[in-house]
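Take a look at the structures below.
Each of the two complexes below includes subunit A, the first together with subunit B, the second together with subunit C.
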Partner chain A sequence: MEKTKYKDLVNKHTPKEDVFYNAIIAFLIGGLMGIIAQGLIDFYSYYLSISTKEATVCMLVTLIFLSCLFTSLGFFDKLVNFAKCGLIVPITGFAHATMSAALEYRKEGMITGIGANMLKISGAVIIFGVVSAWTFSVIRAIVGAI
Partner chain B sequence: MTFNYKNVYINETATVTGPYEGKGPLSKYFDYSYEDLYFGCKTWEQAESKLVSDAVDILLGKIGLTRFDVDLFMAGDLLNQITASNYAAVNMPSSFAGVYAACATSTLELALGASIVESGFAERVVCATSSHNNAAEKQFRYPVEYGGPKRKTTTFTSTGSAACLLSAKKSSIRIESATLGSVIDSGINDVYHMGAVMAPAAATTIYNHLKDNNRTIDYYDLILTGDLGIYGKEILKEYMQIEYGINLKNYNDTGVMLYDLKEQPVYAGASGPACAPLVTYSYIMDAMKKGKYKRVLLVATGALMSPSMANEKLSIPAIAHAVSLEAI
Partner chain C sequence: MIYLNAFIFAGLVCMIGQIILDKTKLTPGHITVLFVIVGAFLDVFNIYDRLVLWAGGGALVPITSFGHMLTHGAIMGYNEQGIMGLFVGAFDLTSAGICATIISAFFMSLIFKPRD
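Let's turn to the complex of A and B:
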């Protein structure tokens, strides 16, 4: 059978992913994460009497800590599986990806295991985060100069 | 290439599984199912190796032999350098042959082991295969705790090990013939749709087996593929019809038999080198001994996938080896 013909046969028997449902879930959970984050910022800036900028850092640390804790306790993967991009795109996803890799490779040693593999998934986020930050800074500088 | 055997029997089998398989529909047919996924070991890789040792111990215990009575030990698994098998073989004083054909390892072992027994070079051959869900996830996909979302066509690597003893000593199940498959490139490079990758390999091997033996599909009471899953099974049926004009009637796939697909979150079904032998050495052989099936063609299917090549966007080659089992 020709490869293109076989691809058609495969497509015929491949189920469609529930894109719309997944998007709705991601939208709702992602929105909820936004509300929680804003609540944390308000909480910290009010009770610790710090600026919004400083409170934002506290909020990020809190979310990272909780994600790592929940990953270590072994149930965050189930939440991620359900919420999909609702939890993967925010900082929670980054922390979870890093923590899960650290847990997985702990037994292979501190340096050869954790050190070498911790950023296995999240490394790409750092690299392309820096690349896009640089790109947009250049665009902003150029646009600002005009 | 098809081999016909006169005097090779499967004397005994043993199956050890993890907790998910133990909660599946075939649980009562397994010799032992663990409650957790570590089995008292420190890592997934060590745990998988323990499964192999356990399966061999149970096998030899059932038939009243010791490790020193085995002439040749054949084993294979999915991990890099077939680690689980190699580390289990450390405890075996017999000769060892590591075998790799991804999820088709079990039938390749049966074909090679049967040939060695038939030739008289070895009296007793133990064939074992294993897979471990978490060890495979770690190696081929993501860290276990990451649990990223998966597509519906993804298969779930089974946790378990199955072993059997081959010899010329008569028993209720004999290996009648075996066909070694060729590597087929179907042009599919989707690592989350292994059923589609492997279906053409299974079809080619089934067709060649029937042609070499001058048989029709009706000769067999049951055709059993390895781990094509729900969607791969449908693809194979249609592929056989279009390509060879063969209507697969008495057909099933071990990937859809191992788990309760409605209750257990296993997506398109089970996979892994342990999948086909776990189902065959337990439920199927039990049914053969009870007279439900007389002739069964087991076609284990393997995607010869390398994560590097998949990242390089190359399509995934696949292979299938067929073994014809006969109840006596």
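Let's turn to the complex of A and C:
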């Protein structure tokens, strides 16, 4: 079969994603995550009487713990499939990726399984985050020195 | 009012990610890496700090804030300790997130069995 014909055939049978619908869902769920985050920050800073900075750390830890727990209980995958980027882009996606990798490779043993593969997907975030942050800080330091 | 800002900002970030995901062939891994780099870049001239003041938790919960905190920590370290601070400070603010993720993922993977 010719290549173009094959491409047409593939295009015809690939499920069409409704971009607009997906975007609205991601917007709503993502916005809800923002509200929950702000609510948790207010909650912690009010009831534990700590500064906003410390409350932010508490908020992040809470969200990470919850999304790890929900992933291990099994129903977070369905939520992520529904909300897509609404839950992948917030910090919950980072925790979800780590947790699923840890669960998936658990049968290969503690060190070669969990230890070696836990950061398989989320490791990219850490590596590129550190590399880009370091580069930008060096640029900023050089610019500031001039 | 800050709740509305949080809703709008976090929603917009997620929506941009979703549109990129649908319109291109990039995977979710690419999207998160892209957003981390954007967040790290936005902090160079303190733009992201203003966004945090404006949107509160809405700017802190997307993965962009991870990049923001990395750059913020490195710049803060540089201001305090000079060149070595660039290495010392990078994980200052993000260590809580990374530690919480690794620790809860490790122990929960011991407790729970994978299900599909």
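One rule holds for everything that comes next: the second predicted complex is superposed on the first by the 128 of 146 C-alpha atoms of A that agree within 3 Å, B and C clash if a C-alpha of one lies under 4 Å from a C-alpha of the other, contacts with A are read in each partner's own complex, and residues count from 1 in each chain.
Following the convention adopted for this analysis, contacts are C-beta pairs under 8 Å (C-beta built on N, C-alpha and C of every residue); 3 or more make two chains touch, one makes a residue touch a chain.
In this text the structure is predicted, and so the values were computed from the model without any measurement.
Peer 1: Once both complexes are superposed via subunit A, do subunit B and subunit C end up clashing or fitting?
Peer 2: Fit - subunit B and subunit C, as placed by superposing on subunit A, sit side by side.
Peer 1: If you stack the two complexes on chain A, which partner ends up touching A:I111: first (subunit B), second (subunit C), both, or neither?
Peer 2: Once the two structures are laid over each other on A, A:I111 reaches no partner at all.
Peer 1: Compare subunit B and subunit C by how many residues of subunit A each one touches, and report the one with more.
Peer 2: Touching more residues of subunit A than the other partner does is C.
Peer 1: According to the stated criteria, A:I121 is in contact with first (subunit B), second (subunit C), both, or neither; which is it?
Peer 2: Both partners.
Peer 1: A:L32 in the overlay: touching subunit B, subunit C, both, or neither? Say first, second, both or neither.
Peer 2: second
Peer 1: What is the contact status of A:G74 with respect to subunit B (first) and subunit C (second): first, second, both, or neither?
Peer 2: The answer is both, since A:G74 touches subunit B and subunit C.
Peer 1: Per the contact definition in the header, classify A:I142: touching subunit B only (first), subunit C only (second), both, or neither.
Peer 2: After superposing on A, A:I142 lies clear of both subunit B and subunit C.
Peer 1: Please indicate which partner A:L9 is in contact with in the superposed arrangement: first for subunit B, second for subunit C, both, or neither.
Peer 2: First partner only.
Peer 1: So, A:M99: does it touch subunit B (first), subunit C (second), both, or neither?
Peer 2: both
Peer 1: According to the stated criteria, A:L63 is in contact with first (subunit B), second (subunit C), both, or neither; which is it?
Peer 2: The second partner, subunit C, only.
Peer 1: Per the contact definition in the header, classify A:K84: touching subunit B only (first), subunit C only (second), both, or neither.
Peer 2: both
Peer 1: Superposed on chain A, how close does subunit B come to subunit C by Cα atoms? Whole Å, please.
Peer 2: Comparing every C-alpha of subunit B with every C-alpha of subunit C, the smallest gap is 5 Å.
Peer 1: Check subunit A for residues that touch subunit B in one structure and subunit C in the other, and list them.
Peer 2: Comparing the two interfaces on subunit A, one with subunit B and one with subunit C, the shared residues are 17, 22, 72, 74, 84, 88, 97, 99, 103-104, 107, 121.
Peer 1: Can you check the complex and tell me which residues of subunit A touch subunit B?
Peer 2: Against subunit B, subunit A makes touches at 1, 3, 6-7, 9-10, 12-15, 17, 22, 71-72, 74, 76-78, 80-81, 84, 88, 96-97, 99-101, 103-105, 107, 120-121.
Peer 1: Considering only the defined contacts, which subunit C positions touch subunit A in the complex?
Peer 2: Touching subunit A: residues 2-3, 6-15, 17-19, 21-23, 28-29, 31-33, 35-37, 40-41, 43-45, 55-63, 65-67, 70-71, 73-75, 78, 86, 90, 94, 96-98, 100-102, 104-106, 108-115 of subunit C.
Peer 1: Flag every residue of subunit B that touches subunit A in the complex, lowest number first.
Peer 2: My answer: residues 42-43, 138, 142-153, 186-188, 193, 196, 200, 231, 234-235, 238-239, 242-243.
Peer 1: Residue numbers of subunit A touching subunit C in their complex, please.
Peer 2: These residues of subunit A touch subunit C: 17, 19, 22-41, 56-57, 59-61, 63-65, 68-69, 72-74, 84-86, 88-91, 93-95, 97-99, 102-104, 106-107, 114, 118-119, 121-122, 124-126, 128-130, 132-134, 136-141.
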